[in-house]
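So the structure is just underneath, and the comments pick up after that.
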Amino acid sequence: MEDHIFKLEMKVRDYECDLQGVVNNSVYQNYLEHTRHEYLKSIKIDFADLTERGIILMVKRVEIDYQRPLKSGDKFVSVLRMERISPLRFGFVQSIYRLPDEKLMIKALVIGTSVNKRGRPELPEELIKIWGLE
Amino acid sequence: MEDHIFKLEMKVRDYECDLQGVVNNSVYQNYLEHTRHEYLKSIKIDFADLTERGIILMVKRVEIDYQRPLKSGDKFVSVLRMERISPLRFGFVQSIYRLPDEKLMIKALVIGTSVNKRGRPELPEELIKIWGLE
Amino acid sequence: MEDHIFKLEMKVRDYECDLQGVVNNSVYQNYLEHTRHEYLKSIKIDFADLTERGIILMVKRVEIDYQRPLKSGDKFVSVLRMERISPLRFGFVQSIYRLPDEKLMIKALVIGTSVNKRGRPELPEELIKIWGLE
Amino acid sequence: MEDHIFKLEMKVRDYECDLQGVVNNSVYQNYLEHTRHEYLKSIKIDFADLTERGIILMVKRVEIDYQRPLKSGDKFVSVLRMERISPLRFGFVQSIYRLPDEKLMIKALVIGTSVNKRGRPELPEELIKIWGLE
């Protein structure tokens, strides 16, 4: 399993599986989002709280490579690390590994930015401090 | 609106919107998938039927660029065209435009392949014929 | 098909189907909610707008009888009528029929109420006027 | 917290919240289903496995009373007990309590039955043995 600064263990729920008997492709975005938000909370950044303050963290681009499908009952671990993309853009490098065999299921790059109430790009101070994005 | 071979009009449903008051990022994958499946049906390829025959159309990679968010009540059109990626891979070039102003909301490239019951890559004849993928 | 004051035609999307190859039970609540919100818009009540004004329409109770399952590709019509439950509670009597054979798929009773910013029950004037709930 | 034979702790994920900032009503059905399936696995009944064997456990009726809404970040426990409804119907009596204050969020009665490949009611032996439904 690659380097990461945060990980979260989860388990497939049957309602997340589709006609093909595997987790539907769109559900991985739910897993990835939940992992990012839990990571942000772990560094004291609350997504719902930011939203109330008028700061919108936005996803600008998502790239997902699907390697193997998760199935009903599978346990997995979702890991994350940060990558600087540009002064106003930050990248979450994310992967999901099945447990216990640690096979890679998907890997993803999620590029985000942040806008204020007037729709202007503005990174919250907390993020600048933590990620060193200046 | 760019060139396309298929289009589908839809409307945002409130349960698809999240805390930020906009359509959740993962929901666009639902829109994109529904568009692909409706397109496949329109050329007489039934996704559920293929699944029963043991042929699995699989998404290998998704790239989505988020330009503007859809909101509660928005109508939109989801358009699609095909692009050859490699002998065993086909690409769906997809975009979603808000209606009636036709502003681009997202654009996506979804790369798919097809495997048979033994997990081997095998494109169904129908697809080869239609897309000229040989 | 029974008496109704509003109807909405929809079509099953493959991602709404689960391991059993039918629409997942929880998805019917999405269909029912979307029908209610579209009905409310049709009588000029905007759910997202009410939410912004601090008036929360809340579901207090849901009863759903599942008769037959919808499957991939099925078209259906979702119908609705109102029923007075009590001074502060209103009932949506809802059913979903498959098309074109009009077989009953589910029927439901959804009981709602409305609270203001202080969490107190308060029906918006529009609703009192329209539904004669006084 | 009432009597129960099974409980499962979970946490709200932000994508489960809607425009109103609370968990969308339909999502509770996901929580309830996941709890039932995990309970069935805990007594060695695998829902996906039954489906493959042609035995379909079906929900016939759902009643949910919504007491208080779960919000972003809330932890909760979902509890379950069985109730005999009739020779061919079994009831899951389910509740969800917020943690750590154990306030009741929803309570539900989910009535199920079971059919075989020919669509006839047939309870799998495992269930008859475990639940004493004869």
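We just call them A, B, C and D in the order they show up, numbering each chain from 1.
Everything that follows uses one rule, which is that a contact is a pair of C-beta atoms (placed from the backbone, for glycine too) under 8 Å apart; a residue touches a chain by one contact, two chains touch by 3 or more.
None of these values were measured; they are calculated from a predicted model.
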Interface composition of copies chain A and chain B: same or different, split at half: same
Far-end chain from chain B, centres as C-alpha averages: D
Chain centre separation (chain B, chain D; CA means) in Å: 33
Centre-of-Cα separation between chain D and chain C, whole angstrom: 22
Approximate Å spacing (C-alpha centroids) for the pair chain A, chain D: 28
In chain A, residues with contacts to at least two other chains: 14-15, 17, 19, 21, 24, 26, 30, 33, 47-48, 72
Residue ranges of chain D in contact with chain B within the complex: 14-15, 17-19, 21, 24, 26, 72
Interface residues, chain B side, partner chain A - complex: 19-20, 24-27, 29-30, 33, 47-48, 51, 56, 58-66, 69
List of chain B residues in touch with chain C within their complex: 13-15, 17, 21, 30, 33-34, 37, 41, 46-48, 71-73
